[in-house]
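Presented below are the structures under discussion, each in the form of structure tokens.
Two complexes follow with chain A in common, the first pairing it with chain B and the second with chain C.
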Partner chain A sequence: MNKRARRRIQNGALFVLLATLAVVANQILNVLHYRTPFFSGWFLFGLIVVLALYNVRKKLALIPVGTSAGWLQFHLYAGIMTSVVFALHVGLRIPDGVFERTLAVFYVATFTSGVAGLFLSRTFPARITSRGEEILFERIPVFLKQLRDDVEKVVFTCVEQTETTAIPELYLSHLKPFFEKPRNVFWHLVHSGRPRQRLLLEIRGQQRFLSESERKAVDQVTDRVRTKDDLDYQYALQGTLKVWLFIHIPLTYGLLVMSIFHGLAVYAYGGSY
Partner chain B sequence: MTEPLQKFGWKQSQYERPAHGWVCGHLCDGSPCQFGPTSRGQCQVQNLCQPEKSGDRYICSRAVAFGGVCKEGPLPDGTCCQQDTACQPRRSLFHQRRLVSCSVTALSIAFCLYVFGGHPPSGAMSPGNVTFQHSSLEHECWTCHVAAGKNGTEFAVHSFDTQTAIADSNLCMKCHPEIGSEPFLPHSVAHAELVNFGQQSKETTSGESSSGVIADSGRPMLLSLASLFKGDAAVESHLACSTCHQEHRGKLHELTRLADLQCQSCHSKQFHSFQDGHPELADFAYSRRPRIYFDHSKHLQQYFVTEEFYRVMPDGKSPTSCVACHEPDTSGTLMQTRGFEQMCAGCHEREIADRESPGIAFLAIPSLAIDSAAMPDMSVGLGQWPVATIDPPLSPLPHFMQMLLETDAEYLAAQIELGELAPRNLSIALVETPAVAVNYLWGIKRLFHDLAVNGDVAFKRRLNDRFPTLAEMEPSIVPSAVSAARLWFSRLNDEVIARSQGSPLPVAEPSAGENSRLRLTPDSVMGGGWYIRESDHTVRYRPVGHSDPLLKTLLDVAVGRLSPDASPDAVSGMLAQLVSPSGSGDLSSRGPVASGRCLQCHTVDRNPKSGTLGINWNARRPGEKSSPLTAFSHSPHMKLLTEDGCISCHQVSRTASTDSAYRSEFFTRSENGHQWMPQTDWKVSLASGFDAISKARCIECHTDSSAGESCLKCHSYHAGSSTHYVADFWRRASSLERVGLPKRPDSSSDAAESP
Partner chain C sequence: MAVSPSIPRPRRWDIPFCRESDSEREMTDEDVDRLMGQAPFSQIDPAGFKKTLPLRDILKNDARLVPFQEGDIVVRRGDWGNTAFFIISGSVRVEIEPPESAMPATMLGRTERPRQTMFQAIAQLWRNHHEPEFRSQAAQMDDRIGTRSAGESTRIFLQDVPAVLDQFRTATIDQGQWFGELAALGRTPRTATVFADGPCELLEIRWQGLRDIMRHDRDGDLRAYIEGVFRERALATFLRDEPLFQDLTAEQMRRLVQEVEFETYGNYDSPQPFRELAKLGAELNLSNEPFVARQSEYPNGIILIRSGLARLSEKHFNGHRTVGYLMPGQSYGFPEISQGWNCSSAVPLRYSLTAIGYLNVVIVPTIVVEQLLLETRAVRAPAAPAEAGLGHSQRSSSVAATTKKEVRIADHLLDFMVDHRFVQGTATMVIDLDRCTRCDDCVRACAATHDNNPRFIRHGPVHGQHMVANACLHCADPVCMIECPTGAIHRDQRDGLIVISEQTCIGCAQCANNCPYDAIRMVEIRDAKGQFIVDDKTSRPLMQATKCDLCQNLPGGPACQRACPHDALQRVDLTFFETVGDALQS
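Showing the complex of A and B:
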């Protein structure tokens, strides 16, 4: 059993134990006529605050408050724990009021985006390293321009040498839009090579009508097409890994704000004894 | 195979700073500058220079970092020849994410302020629909919440106020006064009363079960765990209504739902279910004596089955079924008792209106045992005095008469002076202290004269406003007293006038005509139960039948004033006489007669709150709970009856004693021995004559999979709650204004003042 599997089993067992304890404690408090939503609510709010601190922790890399990996593990399991506590808090029913429903939607959206992020962060890195060259996301536009310039140079060179229009026409009709910006993001996310194959078939279909020098130029262009497609793949996956945080983090802050107001309302309207 | 795109090296590649807020505006073109924007988002590229004039020429002054001196050089007019290539920097992804986060946070705050900031608060703040019972209050938050409609500061204060929940619960009590005397204590009763409940429960359930074996497999594990955290002070702490009644959970939410484990968490006896571990029902249904005492065992097994029944009770009717005496109420909850005329009159009517009974003496003339003519009456001024035809009973004056005489100072002085001689040995007193004895006897004559002349006014005045209820009693004693005065003191008016003037008392008899008009026959019946008994010169009252109004009035007053520590004065004596088992007015009477018979069936209960005593004139009525924490409805069980009928559950006791429970259990002597006290403890005596109801009978249906075995099936949490409250809700809801509910925060008066 490797280290990761062992860690997963340990953390999973600890999570199940704590979740069971939370459920039993909730039942005990309920039996003893305590108002369990108060307890589960405070527990849930505390968990959310600690989870939100993970974002702060990432910015305070110099402060020794545990390893980032440790924080991430805690973030994952505590995040899943919130779903158990949330279910206890709302009593496995859909909240009824407008404000309560909005708060619940915020929680569900935050939790769901977190689960989606967990899925993405566990699957995309392996796919990113398995295809093409690993490129820094911030440099992708530079390399896109570099490839576009390379292809245009090949086309112009070919025109000068052969004085035919086959290659320029091919570039203008099929390749220019492809090289202008990242393409086929959706197909890359679903790990489909269909657009790439379609474009390569298009190029290959032109080859029978070309001269030898033109074919060499087309081969060079084909290489650039493959590189550009790999770059698009990197762009799609790395971009997704960055964009999901656009949902998860803002929702977390909104959730915290609404939770504070929710707590004030609960205490004002339900008492704080 | 193409060459790798990415190169790393301080010359080949830039140092990427993704956490920076801005990126070069040319990045999207794929040709960012190497400087990047400033931290404030300003482009740092300065490809334009400010040409310097050197002699008659302008020379380029561009820094090396931005390309150095350009080949073209400045224009002849001294301006730079280059195009401005400065970009408009863009926000980095990191910065965009922060912006979105701030925007969402701001929107959330704005939404919360909109929801919470209204006055009154927005309906969006409601956590959900209220139950249909409270639907009329759906949009009136202030009706149930003290914090509703308050400004920000007050709202925050309520948020941190530990008494907010209780304050809200007090608003609940505006519409729910029936909950109990201590609505926020466990079971809505005082701690001492709760302890009393527990003690009684232990006593009644400690015996062996009727079925012999009580299944008991310990207590649930969750309760065992809960017991580790349970505090001792729980029974004395206040519980807000919202502890159990969770509102805003939808119109059909069951507001009174309470889990069995929650019920048991406070109880010392904990068990798994009604079937498994619940104590036997013990004295359930018979825990208190019936309001109208009736021994079923004796009647059903002794009286009704004997051959002599119809001979002894020719008008009596032996019931053929339980419904002959009981009928369900409109809700089907209670099998209420039919009226006296339908159930009891056949046998007991004649017993109540007993013409053989002497009745109760209210007024009496002390017998002197000698003819007044033979006395030195003229010298002492006694005047006319009737002569008894039978031996004097040697009894004191009736207590009621003493009450009327207590306002006569001359009489009271004479009574004190006579001491033991009055009224039993007045003949001796007339000889030894004639003046004092005459004063004493004249007090009685003045009473009759006063009643004869002034009627009801004199009667009420003499009661001295101490007993307004007695002063209004019907039928009135005054007409009988007037007749008695005319009968026994025919010259009374003339004698009173002469005595007041100091003149000799008249001796002439009234004319024959007048005398015959006044002359009544012995034991003349005056009507309404009053009659004059000539033989012992008394005015007496015999009940005219069941529900005799005068006796009810007297007994209500008497029982209301009963106290074991009462001093033996005239008032307490009269009251004790009325409620005593031998309340005939004569201590020599034997057995229960007259008023004493009323309390043979009508029990006396003490009000637990006020401590006063009251007579149960009626059987249990719908809405009255027999047990504070237990409820039972007959109607769902009717269809389950076997051919045995009600006996299926209510087994008549075969072992009940047939001895009379009358003296030993119904009345007790007070501690000072001065009077009889009716038994007021409804727990100790006078059961209905039934065996305890067996739990096994209930378990036949009440299982988890059948009719249910929840605690709330049979028990109610609030000791004071009424089972008919829900049905009564709408009537109460229509009178919300009347009960003084909180007003809407922006009241109409404020609105009227605003322009």
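Showing the complex of A and C:
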């Protein structure tokens, strides 16, 4: 068994144990007629605060406060634990009132974005590695421009040599929009090669009308279409991996702020405990 | 059809040594005449040299005359040089203090960076300068040393030589003697610091020139002298450290030192041919590598790796398959010799041994092994060479039974690592791309800890899911240190890391050009206001070399590795073949 599998089993077992303890403790407190939402609420809030601290840890690279990987492991399991505590806190029902419902929606959105992030970060890297050249995300626009210039050069050269407009027409009708900017993001995310196949079919369909030298030019363009498609793939997946944090983190801060107001409201209007 | 551009074929002496950037003057014919008129060159028979490689031309192109002033540091302990020195006039002092009481690093123009405490690390959060690559213009050099310009280069000198002589034990090396030849020929670090004892003139000669003189010197006086010194000083020390010979008596050790042979294979001085080799692929690489020992042949002796890197391979269908590699301090051939001795019939070598790039080996002949180790003492060998595996490691001080199968590493991955010579790395940055989310937290962490500018690029050669990023590997055999004129790039005595001293880096870019892994970057340095610091004569921005220092002074280790949320980035010591498979698979 490798190190990571062992870690997963250990952390998973610990999580199950703590989640069971939380459920049992909630039941005991309930039986003893304590107002359990008070305890579960504070526990949930504490967990969310600790989870949010992970972002602070990321910015403190200088200070030896544990590895980021260790923090992420805690973040993942503590994040899942919040779902158990949240369920206990709301009693498995839809909360009353607009504010409480909004707060619940924020929690669910934050949790869901976290789970989505976990899914993305565990599945996308291998997909990125398996297709095309490894490219820094920030360099993709530079390569796109180079490809576009390259294709236009092939097209112009072909026009000069053959004095026909077949290739320029093909370029203007089908290829120019494709080479202008990253395309087919959605299709790449769902791992579909349909747009690429469609474009290549379009190009292949034109070949019967072309001369030998035009066909050679089209072959060169086809190579670049494939390269551009690979670049788009990298752009779509790498971009998504970068963007999802811009959803998860603002939601977390929103959740924190609303939780504070929720606590204040409970203490102001909730009566005695 | 396009016509390929043509240029004259580059030749060995297109750029003579005296025209390199840090030379002060050219070698003239008069200089060569003067040298040819004095010992030891006057005693060498020029007729022994090839017509295409005459002694005069060697001296003119591979040597240069260098004047030194009192206190000028000629070589520093720990520097890697590829030249030897002959004293033409005057004398020099060599420090003979043991390492623990030797001149401190700061006195040699290096930086000592103590490990930070937790509070110092926290304080760096607000003490970090907001401008990238900020350098204080006030020199923070040890006040016991100074710098002076010599031609186009900068030289470090000891300010108060008498005080140094009072404090540290030294010995004088007088006119007519050599020094630095062992490090030059063996590609090992300088073992002592040498500084000028008053004005003196030295002949500095490239190792290739020295090698050729030794090779063609008919009477062999110079060769005998160098070999004698090499055996007496370097070989004896090297062999004493070898676990196999540690139990030998003084008399046996003397015999061993006299009877061992030493050989050099491959290209010594430039990483450039290696870069080209790396592009060829494994099979072509193997066919270009000189054989040290061949599979199925009987061993001539134990091969001890002194410096460089060797590949172990076995025949596999019509090609060769890499099964491992040997680093300095490791050896090959003893199990076969021992097994042959035990069963009274010669046992052939199981693998071939080839030199990757450059290799310096010491060979202990089989007869010496039998007489000194097997006849006189019951040195237990492993049951069979097949079990003995690839050799034994001095570092692990045990006969390591390691084969590729046990190490669990794919053929192609091992080839990739060996072909690119990444196995030199003691802290190679390997990124598992199947786990890396390309979040760049590692890059940000590196920038936060190093003048707001990362010391590596998250990019580099990729093989399958593994990327070796362009970060300093902290090589076991650091070619970047060769030719540094001020010794600014050096191996830290405390932890063995390769670091650059900001105080003495003059921005010549020799290290960056020599690094085969593009791990050293030249940066423009800035003052506190963010303005580029410029050369007062040319007004061009001053550059300095920067590279990964493995967060040497930070508590907790390298920030890049600690910052990776997915355990994708690891700093791996690839010099330990035994652990490399586990490191790459985990």
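The working rule: the second predicted complex is superposed on the first by the 270 of 273 C-alpha atoms of A that agree within 3 Å, B and C clash if a C-alpha of one lies under 4 Å from a C-alpha of the other, contacts with A are read in each partner's own complex, and residues count from 1 in each chain.
Just so we're on the same page, contacts are C-beta pairs under 8 Å (C-beta built on N, C-alpha and C of every residue); 3 or more make two chains touch, one makes a residue touch a chain.
The model shown is predicted, which means the values in this text are computed figures rather than measured ones.
Applying the stated contact rule after C-alpha superposition, one finds that A:Val49 touches neither chain B nor chain C. When the two complexes are overlaid, the chain among chain B and chain C that reaches more residues of chain A is B. Using the contact criterion defined above for the overlaid structures, shared-chain residue A:Lys3 touches chain C, although it does not reach chain B. Within the superposed three-chain model, A:Leu72 lies in touch with chain C and out of touch with chain B [touch as defined at top].
When both complexes are overlaid on chain A, the residue A:Leu17 reaches neither chain B nor chain C.
Once the two complexes are overlaid on the shared chain, A:Phe143 sits against chain B while remaining clear of chain C. When the shared chain is aligned, chain C comes close enough to touch A:Ser121, but chain B does not. Touch criterion met: A:Ile249 reaches chain B, while chain C stays clear of it.
Common to the chain B-facing and chain C-facing surfaces of chain A are residues 134, 136-137, 242, 245. Those residues of chain B that touch chain A in the shared complex are 1-2, 4-6, 13-14, 16, 18, 23, 27-32, 93, 96-97, 100-101, 103-105, 107-109, 111-112, 115-116, 123-129, 141, 145, 147-148, 155-156, 158-168, 222-223, 225-226, 229-230, 234, 239-240, 242-244, 248-250, 259, 261-262, 265-266. Only residues 118, 121-122, 124-125, 433-439, 441, 444-446, 448-449, 458-459, 462, 465, 467, 554-556, 559, 561-568, 585-586 of chain C touch chain A when the two sit together in their complex. Those residues of chain A whose C-beta lies close enough to touch chain B in the complex are 24, 27-28, 30-33, 35, 93, 95-100, 102, 106, 133-139, 141-148, 223-224, 226-227, 231, 242, 245-246, 249-251, 253-254, 257-258, 261, 264-265, 267-273. Those residues of chain A that touch chain C in the complex are listed here as 2-4, 58-64, 67-69, 71-72, 120-121, 124-126, 128-129, 134, 136-137, 238, 241-242, 245.
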